[in-house]
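In the two complexes that follow, chain A is the common piece, with chain B as its partner first and chain C second.
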Partner chain A sequence: MAIPIKDIKLPEDSPKELLLDKHVEFIKRYGKSDDDYEFGMSDYLRMSGMYWGLTALELVDKLHILPENDVIDFIKRCQDPETGGISACIDHDPHLLYTLSAVQILCMYDRLDAVDASAVVNYVTSLQLPDGSFTGDKWGEVDTRFSFCAVATLALLNRLDAIDVEKAVSFVESCKNFDEGFGSRPFSESHAGMVYCCLGFLSITGRLDIVDRDTLAWWLCERQLPSGGLNGRPEKLPDVCYSWWVLSSLTMLGRLHWISAPALKRFILACQDVETGGFSDRPGDVADPYHTVFGFAALSLLGFDSIKPVNPTFCMPQHVIDKLKIKHQLL
Partner chain B sequence: MGDSSSDDENAWVFYKDRPEWKDVDPVPQDDGNADIAAIRYTAKFKDVYDYFRAVLTKQEKSERALQLTKDAAELNPANYTVWQFRRDILKALNKDLYEELEYSQHIIDEHPKNYQVWHHRRVLVEWLKDASKELHLTELILNDDAKNYHAWQHRQWAIKTFNLFENELAYVDQLIQDDIRNNSAWNQRYFVINNTSGFTCEVLKSEIKYTLEKIKIAKENESAWNYLRGLLLHDKEGLSKNETVTNYCEELYSSGNRSPFLLAFLVDMCDEQVSQGGGDMRYTLERAEELCNSLANQYDKIRTKYWQYMAEKIKNKAEGKSEPSPPSDDS
Partner chain C sequence: MEEDNAMYEKILIDIKNLIRSDPNLKDFCIVPINENKNKSPVLYEEHNLGLELWCVKYVYAYLYKQLFKLRRLLSKNRLIQQKSEEIDKYLISALLIHPEVATFWNMRRELVEYGVINLDIELLLTKLVLSNKSKSNEAFAYRKWIVSKLMKGIYKHDVVSTLALLNQEFTVTEMAAQNSPNNYHAWNHRMWCLQSAFVKHDFADTPMYLNLVFEQLDFSIRWIQSHISEHAGFHYRQYLLKCVLNSCCSVSERTGKIRCLLETFAHIKACDDEGFVQQLLGRSSTCVNRSMVNFILLLLEDLFYFMDQLNELFPGHEAVWYHRRFLIFHILQIAHEYHNVVWFRNVNVSGLMLNSNDNIINVDSGLSDTKYPKLPKYELDAVESSYLYKILLKFEFEHIQGNSLSKCIDAQRELARRHEKWLHFILCFNKSNSFI
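On to the complex of A and B.
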């Protein structure tokens, strides 16, 4: 009668210790081998690729191994003089996703002076629609991810006042579902990635009061499967990136302790690639910087000593948020 | 030109070797000096994009440029600038948009989880003001992956914008019959009812009946239990006073079923009655404690901390105290 739960089994020989040095090498080397043709980063998301790699390095105190000035110079050249937005790559079109990634990197280096910050603010403001939602670029896809990107960017620049926060909140609230989770738009299925974006948004705007804390936290801890890993929706496979989206959400709600930390640790560690370094979505898959930073960040929330504390709202090192005195709400 | 986008590498002629492109100077990508998340380009990729940048810079809206955007999009369908420029050309050349609609179906079929291809489709449908093919397209995609988030988003958008609700509930029912645990389908059910009849008394009654029948088939189905909770949000009496539901749950419990979702539901019924008082003698603090204990120690051990919290929370309510504080981190 029992239908098997959709899950994986951790291989017996999966790694059980954190392979820190290998991961640092992995990030440093990423994109430089011919093998990366197939799996490597694409130019259209390079700015986010940099944010993932650099954040991972800073979380283990290795940011200095890469030349700061080259990164700053690259970001400068990605700012669009016309709109103020920042693109994934030089001469590409600006987008909110890469604007946030760039601002996050600049905060880590404490180099916000490198771009025209007020132009960035104008860009973000220009993307808000009358219903309070945000599009990702001037061509207009609406998504709660962009609501998060907008307020996170503005909060890091200390300019949350530049948009209509109240309307932005009502749009996000309209994406709340009957199971207390959030989707990308009104009535879209609840999805742990969108829950993170919406809670992050509410954390920044100080409006976590609009969620039913315990019901949502229960939905989030229902994401944990017998393998210890977390999925993003019911009946989906576990994936390291959801370790971050779910765990950071639970942390914002002050309910991190509701999941089984030892089981999740085992799952995340099993997703390390012992040969190349780096983390993959599930044991045995190809590692990439995206899953590597979220693996680190999740382990940080679980209290790994060798990884610096991470801020659950911004997915940035906590000391950066402290230094810049970025206000946000945690329950 | 006909087979210029062929996958057969042998048949591929580089743009730089094509006589009809001799008048164009390719524009190479400027990657800056930043030594992180480097990008490796294949010779073909570089060639196509060097020429794409050239026509983009010149804003050349021609047949050959249109063909070039096809090659560029197929090499990297996530490049939103390529799609935007393609649309600019389609407009400028007054192309048959139905032909483009067909092409977009082909590319969505190849890249069903790509944001940009779905966005392209949506813009075309908006231009044509014709969504007659959207239900069929999304059904094709959902046949392969019934939880594809992009397909569901597109489908909801088309249904809502063009009022295509008529047969949707039958489609949802079919999907639920195919896979009773398809959370996307349950979510769609809520979307349809909420936007058509609404949750009137009669609808609520028949939906509860429908859901309980499905739970009977698979009792550990998170989606159906969540949907049941969602339905009862529309019951003015709350979660714990609908006789059909309480009788069903009690019968199930008496029959020896210990699905964590059933027990969780009973816990919430106790929670409601303890805090609101009155009503049903079956839903007491003692019962809540007993259920939480068995969940924590036997039926849902991975979420022990949550069930301990719930037991304490309900106890505090009964004693008129505020909610419990989180335990010290001893995980």
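On to the complex of A and C.
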């Protein structure tokens, strides 16, 4: 009885070169969908969608092909005058996820002046609970993703002093498991996406010392499958977005060289759509901006010349982080 | 246009009425019928609710517009009471069709806060949403919000009502976990519910607590046996095992059985649990509490008995080997606690020769060929010199050898090799630490 490892086989005719121009066209087209219904269905995460698309463009030096003023104007209109938080789309409720995406976009354009930054700081601060955790919005859902969003937003605004960092760290620490991985809350299963959020959080707060570096790096390396792709948890299929979550985590831990880079490169390149442009989760699936930016970012960490260096903590172009002089720890 | 709007309204009202009138609704789904056959696209059969695909796009576009129109109006005038019936109607279908829109759930939260919708309907609605989109994070977050409201309404001494609520949540999470494998949100929800009940009633030292945990441990065995490759199911079991540590109750009926099972592996006999653990670990210099004894016995049962079964039946599963890691890690950790000694692990992978093209996991460690030094490098601590440590080492290395034979499937041999490396490099659990 042969039980194959849960993985995929890269098709023989998979693309082996980076199809840069096609991806740029793909992102450009994505912002102007003709289908109102499809467009309306993604309203609820539009701000993050924009961050993915615009970051992908900036990583290949093509940010200028989309109109900056439209983007800035949209973000302005998404800031809630009452709370200071930013929503995914006009008329939607503010949330930490989209507040971070908006601030990341504004940093790329060097246009933090476009929103009321002190109101954003107040919003983030208002969401910290006594145990140090953060809720995503006023309704109280707690998640380590929100801890990351909170400190990343504040760090980009240079206002990390506005929250109780020590308590925030002890909450994140309480979400750590015996394998040194992190879940979304205390007692939750280790998950590569949450590992990224928590390491990013610790990188920003300068507390990477609370993880046993090599134990966690070992777990992360075990995410690489024979196809070269990475999964997010044991016995799950590989997915391009985990190329980013796992690779950026390994980079923060200073253990990027522990995985097989050539195999991962092959996998990521095979996930390009040769017709439409863009990357998908796995070869042959439909491409989207989310997998496209994480495909680019992962290739950047693997040293692709045609893509600008990306910062592993913030998933933003390194030159933006350098220019703003954002402090963060890498091992 | 107006005719169309009237049709959409009729669809929305039908759906709302069905939800209001049938508390036993089980499932919602979008039925793949692409053509308008001039009859109602709302299907209802044997407590299942369906909506034909052809109308979804139009209905959603219609209600989306209506909802935001109302919302803009509301935020200015706070007319929510007057408009609540209408908003409720739009929101039900909006969320059945597209549960990822957080703002829609927030609007329902507002309706709940205004006291215009009833919490039981909300449990039903979220159940229907989850029957269709089992991984919806937003639906689980909302359900959690509703469950905490219900839990707040239960008196502190009324554990029975909490258990009834828990059972309801167990059913919903099991359904969601059945529908999508490794459903992170479903298992999180289940653990959150248990944890909230524990915190609310603070009943860890009553027999009811361990009964509940054991019931769930039994459920988890059945779950794992039919979902072997789902690590999420193993993780739930790991959470439950750790729950045992919170209670100092004696469960001799259960632990007595475990002792009988273990006697054949460990070749020791004892008249009680404490005596058994003392023979395994030696006499502790500190006060040993009951929870520790229970925990050790349960971990050993999983390792020596349950894992052996799974390994036989389901070779080649990473999830099974990962659970093994959990067990060994925690047995060693609790043994150190038992003896009140610091567990010093010097994680050191410098023995692995890295090249730039390979993954560290696949680098040949040469472990299997190495003759380990027979003498310890340093003085053994109370754990390393215990009988348990010896049988654990022996058991693990026999297990690795047994699963590295050529008759084993490739995936199993590979996992055995990885296990050996993990024990050696990460856990620092190897033969050089002991006299064998």
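One rule holds in what follows: the second predicted complex is superposed on the first by the 317 of 331 C-alpha atoms of A that agree within 3 Å, B and C clash if a C-alpha of one lies under 4 Å from a C-alpha of the other, contacts with A are read in each partner's own complex, and residues count from 1 in each chain.
The working rule: contacts are C-beta pairs under 8 Å (C-beta built on N, C-alpha and C of every residue); 3 or more make two chains touch, one makes a residue touch a chain.
What you see is a predicted model; the values in this text were computed from it and never measured.
*Asks:* Given the superposition on chain A, are chain B and chain C in a clash or a fit?
*Replies:* Overlaying the two structures gives a clash between chain B and chain C.
*Asks:* Touching A:Glu141, do we find chain B (first), chain C (second), both, or neither?
*Replies:* both
*Asks:* Contacts for A:Pro130 in the overlay, against chain B (first) and chain C (second): which applies, first, second, both or neither?
*Replies:* Touch status of A:Pro130: no partner.
*Asks:* What is the contact status of A:Arg233 with respect to chain B (first) and chain C (second): first, second, both, or neither?
*Replies:* In the superposed model, A:Arg233 contacts both chain B and chain C.
*Asks:* Under the stated touch criterion, which partner chain does A:Glu189 make contact with: chain B (first), chain C (second), both, or neither?
*Replies:* both
*Asks:* Using the superposition on chain A described above, determine whether A:Pro81 touches chain B (first), chain C (second), both, or neither.
*Replies:* Touch partners of A:Pro81: none, neither chain B nor chain C.
*Asks:* Just to be sure I read the superposition right, which of the two partners does A:Ser260 touch: chain B = first, chain C = second, or both, or neither?
*Replies:* A:Ser260 sits against chain B and chain C alike.
*Asks:* Should A:Met50 be classified as contacting the first partner (chain B), the second (chain C), both, or neither?
*Replies:* Touch status of A:Met50: first partner only.
*Asks:* In the superposed arrangement, does chain B or chain C reach more residues of chain A?
*Replies:* Touched residues of chain A are more numerous for B.
*Asks:* Does chain B (first) or chain C (second) touch A:Lys32, or do both, or does neither?
*Replies:* first
*Asks:* Jot down the residues of chain A that show up as touching in both complexes, chain B in one and chain C in the other.
*Replies:* Common to the two interfaces on chain A: residues 2-3, 36-37, 40-41, 43-45, 91-93, 95, 137, 139, 141, 178-179, 183-185, 187-189, 191, 214, 218, 221-222, 224, 233-236, 257-263.
*Asks:* For chain A, which residues are in contact with chain B within the complex?
*Replies:* 2-3, 27-28, 30-34, 36-37, 40-46, 49-50, 52-54, 66-67, 70-71, 73-74, 77, 89-93, 95, 137, 139, 141, 177-179, 183-185, 187-191, 214, 217-219, 221-222, 224, 226, 233-236, 254-255, 257-263, 289, 303
*Asks:* Would you tell me which residues of chain B are touching chain A in their complex?
*Replies:* The touching residues are 29-42, 53, 76, 78-81, 84, 115, 119, 147, 149, 152-153, 156-157, 181-184, 187, 190-191, 194-195, 218, 220, 222-223, 226-227, 229-230, 233, 264, 302-306, 309, 313, 326-327, 329, 331.
*Asks:* Taking the complex as given, what residues does chain C use to touch chain A?
*Replies:* My answer: residues 57, 60-61, 64, 68, 71-72, 98, 100-103, 106, 109, 141, 144-145, 182, 184, 187-188, 191-192, 195, 229-232, 235, 239, 315-319, 322, 325-326, 329-330, 333, 347-349, 354, 356-362, 409-411, 418, 422, 425-426.
*Asks:* In the complex of these two chains, what residues of chain A are touching chain C?
*Replies:* That would be residues 1-6, 36-37, 40-41, 43-45, 87, 91-93, 95, 137, 139-141, 178-179, 183-185, 187-189, 191, 212, 214-215, 218, 221-222, 224, 233-236, 257-263 of chain A.
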